[in-house]
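Two complexes come next, and they have one chain in common, subunit A, joined by subunit B in the first and subunit C in the second.
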Partner chain A sequence: MTTFFQLIVVGISTGSVFAIVGMSLVLVYRATGIVNFAQGVFAVLAGLLTYSLGKHLPLPLAAVLATLVTAFVATLVALVAVGIRGRTTHLASLIITVGIAIFAEAVLLAAFGEVPRSYAAVSDRAWDIGGVLVLPQYAVLAVVALVAAIGLTLFLRHTIVGQALVASADSPRAAELIGLNLRSVALIAFAVAGALTAIGGVLLAPAMPVAYSSGLSITINGFAAAVFGGLASIRLALLGGYALGVVEQLVVGYIDPQYNLIIALVVMLVLIGWRSRGELAV
Partner chain B sequence: MSSDAVVQVLAGRRRRIGAVRLVALVVATALACWLPFQLERGDIGLYDRMGLYALVAIGLTLLMGFAGQVSLGQGGFFLIGAYTSGLLTMGLDADTRLVDPEAGVDPLLAVAVAPLVSAAIAVVIGIPLMRLRGHYLAFATLAFALIAWSLLYAQDRFTGGQYGVTVTKRLAVGGHEITGATHAAVVWGLVGLALLLSTNLVASRAGRALQAIAANEPAAAASGINVARYKLQLFVFAAALAGLAGGLFTFYAQFLGPEDFGIIVSLLFVVMVSIGGLGSVYGAVVGAVTIVYVEHKLRELGTHETLLGWDLPPTAPSILSLGVFGLLLILIMLFFPHGLLPGIAGAMSGIRRRLSRRPTP
Partner chain C sequence: MTLLDLDHVVVRYGQAVAVDGVSLSVGEGERVALIGPNGAGKTSLLNAVCGVVRPASGRVRIEGRDLTGATPAAVVRRGVSQVPEGRHVFATLPVEANLLLGAYGRVFSLEIVSSTLRYVRSRREVRERLDRVYELLPKLHELRARPAAHTSGGEQQMVAIGRALMADPRLLAIDELSLGLAPLLVQQLAEFLLRLNDEQGVAILLVDQSAALAFSLCERAYVLETGRVVLEGPSGDLARRTEVRSAYLGGPSGAPS
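Here is the complex of A and B:
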């Protein structure tokens, strides 16, 4: 039974990262209609930057700087991904972000090398709760995901900027009529989502080393979490992330560690299939 | 002239153009099949790979051009085709997992089964997904390709894991071994056949329905076209082509290892299609030839110790190809969303029109 709870605890912490990336994908999708295939790259960039800057600076400062730089990079990505007005369809945008993800791997590989990197966690102590080992890093990850979910929900519902994001996705033309600049909306959405994913990446690296090529699996796990809520719900993306993390850890613990990604992907495929009953493409 | 006569003239012209095109295609295919026998030994492999990738790209371009759906997992279907035919010839026993070369099926049969298995998987994935927006199929196919790839490691008793497996049996028809230049000729012959099938498909009733879907999906659905079914058929056709290419790849390499089937391969197919133009089957062939050639050249370039005075790290080949292909995909999709070749053609005709316009007095 201890093993079981231990797996749950680890699952919720890794699932928090999926949830954070999933919520970022939902935010961008709701504001722009674009599914950003390069979202996971932001987590990798932030993690590797923190590692590199951390060699010269105090780690917290390095983490903050890395997050800011990543948010800035995310706005650059937004400029490219949104593309040219009236010419770039959402599917073209998706393919552009695929191109960005490939290109980013080259840049990350050239800048940081191929060795997976990790650094000190928030604390090197561990709590023992009835035989279950809880690292402070796990707790921080879970809390950050939860706070991010609450914050994003409040942001979208109760702030002018948040409502502008939602409005421009619901009806781009109407949003433009009331004077919203769709490009600015996209930039803001990518920047906020980029910063959020960056925080996830900064916190992930001490628990699981990140390498230049980790972006793909982070993106796809995040997408799986987001699909849980049909790419529309922040709340369900959070739950989806937790659930996915726990399922993966249970597979690691009880079946075979090699199957964790496979099971996660199968779960996602089934979820998408299940979703397809409700939503129709137009 | 009565309208009937006009229609007849037009139909006659279309038929004649069709015949011209058919002859051109047959001649081009014959040339493509003759070429490998003239090539140097080292170039035959490269040429063969171009043909194999062209088969996959032809299927993908139809899917992207007509169904408006993108598959990020064609490499998965390619993988399934390759391992299906490879493992079948090895005579694996599913229970004891022993390799028994005597029990393996004939390579020819194995190659024929490969596209069927890929197509069957495409049906299972495609049925729920074809009614959804494009990004769902993109991620689902990517997930499928990742699952297939991860299974290579998880089921390493079958596949040899990261070390791969050697395929000992050779493809043969009536005692004649199909290797080297002959293999390349067979592959390019099949490319010709796939082109013929695809152009016929585009011109048929199904093709007109597909064009209607590509032009305006809600309108096509409103006029009674079963959009989801046509899209599914395209998806399955594309998967079958990728499976066939994979099955042939097995007897091109005689070795199966994970490196040839990574996610980047799936993404390269998308780059090939974006070069040739979404929906253009001839463009897909051009794209495949271009990408295989450029990748080969980049690999050569990356293995140099220095480049333009810079010391190259051992990871340089990966950096170069990821960087070039990523950038290429971004730029093409940004400026020529229908593809590089059609974009350039459009720009050329625009310039010509501007030049031929009479100067105003």
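Here is the complex of A and C:
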């Protein structure tokens, strides 16, 4: 029973990262209609940057710098993905982001090497709750995901900037006609989502070392979490992330550690199949 | 001075010529109609006015200022707002957010902090404009918390008009007011536009497939065919012409009603 609860605790913490990436994907999708397959790369970039900068700077400062740099890189990705005039079709943009993800892996390998990197957690203590080991890092991840979910929901629903992002995906034509610049909207969405995913990556690395090639599996897990809410709901992406993390840890603990990415893929495909059937029925 | 002045505007999509040298003007507070068959280039012309497409040649002037090829945002800032064909409301957002975005779009820029501050600083003005739109279209006040997707076609047309009015335009360009709406609703919207024009002095450029509506609502009209202006003049004169009656008013004979 202790093993079971231990797996749940670890599952919620890794699931928090999926949730953070999933919510970032939802934000970009709701603002631009683009599924950004390079989203996981931002987590990796932020983690590896924090590691490298952390060798010369205090870790918190390195983490903040890494997040800012990643957000900037995300805006560059947005420029490439949506085009200079912001009029690239959504499908073309999606394929461009797949290309960027592949390209980024090569760049990350050249820049940071192939060794998975990790660094000190927020605290080296651990809480023992009835035999279940809870690391403060887990708690921080779970809280950050929750706070991000509440913050993003309020942002999209109740601030004029968030509403402008949603409006641009609802009707690009009308958004343009009222004076919103679609390219600016995309840049803003990618920057905010990039910063959020970067925070997830920075917090993930101490719990699970990240390497140049981790981006794809992070993206797939995040996407599976996001699909839980049809790519439209922040709240469901959060729950989807937690659920996916727990299920994966249970499979890893009781069946076979190699299956965890397969679980994400199966969950994603089943959800897509189920949702699209529902839409067709309407 | 004329409010909107188009001088030999040409719009091309690749080899296809959609608008072939159209000159047109709308005076301050005037109501002007643009009619013509499908594919005549009416929507392309409005898009050229609103900065959505760049004219291949010719000039678009708003109050004498050259805005040829300007961005949609610049055109909105100069006081020309469009109500697009098919309404294009922001479906997942509440009606009130749809309206407020009409005011935010006017100040929006990549300098998101400063543009948002500008919007917030003008909060009282935005609020007054919102109240005025609610006063003009009380139905929108009832529906303000409802997602725009959950309103009827006529209500969405009101949302689209209200949203355009939130930018405080001096010219409202309306693409297909009556499309897909019940006649009674169309009449109410037409009366609303007349009142808006009369009380607020907002000029109107109406594109509509219903020539009868266009002639009854507007003082002057242009007839567009295959990208060219083939006829223009006061609505009453045009409505009496045989070729216009047979092509657009559903009958070659009979006295004008």
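Criterion: the second predicted complex is superposed on the first by the 275 of 282 C-alpha atoms of A that agree within 3 Å, B and C clash if a C-alpha of one lies under 4 Å from a C-alpha of the other, contacts with A are read in each partner's own complex, and residues count from 1 in each chain.
Following the convention adopted for this analysis, a contact is a pair of C-beta atoms (placed from the backbone, for glycine too) under 8 Å apart; a residue touches a chain by one contact, two chains touch by 3 or more.
Since the model is a prediction, treat every value here as computed from it, not as a measurement.
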item	value
Subunit B versus subunit C as contact partner of A:Val161, first or second or both or neither	second
First, second, both or neither for A:Leu133, with subunit B first and subunit C second	neither
First (subunit B), second (subunit C), both or neither touched by A:Ile96	first
Touching partner for A:Leu187 - first (subunit B), second (subunit C), both, neither	second
Partner chain in contact with A:Val107 - subunit B first, subunit C second, else both or neither	first
Residues on subunit A lying within both footprints (that of subunit B and that of subunit C)	none
Residues of subunit A that touch subunit B when the two form their complex	35, 37, 80, 83-84, 87-92, 94-96, 98-107, 109-110, 113-114, 216-217, 220, 223-224, 227, 256, 258-259, 261-262, 265-266, 268-269, 272-277, 279-282
Touching residues on subunit C, where the partner in the complex is subunit A	50, 52, 71-73, 76-77, 81-82, 84, 88-93, 97-98, 100-102, 104-110, 112, 116, 119, 160, 163-164, 167
Contact footprint of subunit A on subunit B as seen in their complex	68, 70, 72, 125, 128-129, 131-136, 138-140, 142-144, 146-147, 150-151, 153-154, 217-218, 263-264, 267, 270, 274, 313, 315, 318-320, 322-323, 325-330, 333-335, 337
Residue numbers on subunit A that touch subunit C, as the complex places them	160-161, 163-164, 166-167, 170-171, 173-181, 184, 187-188
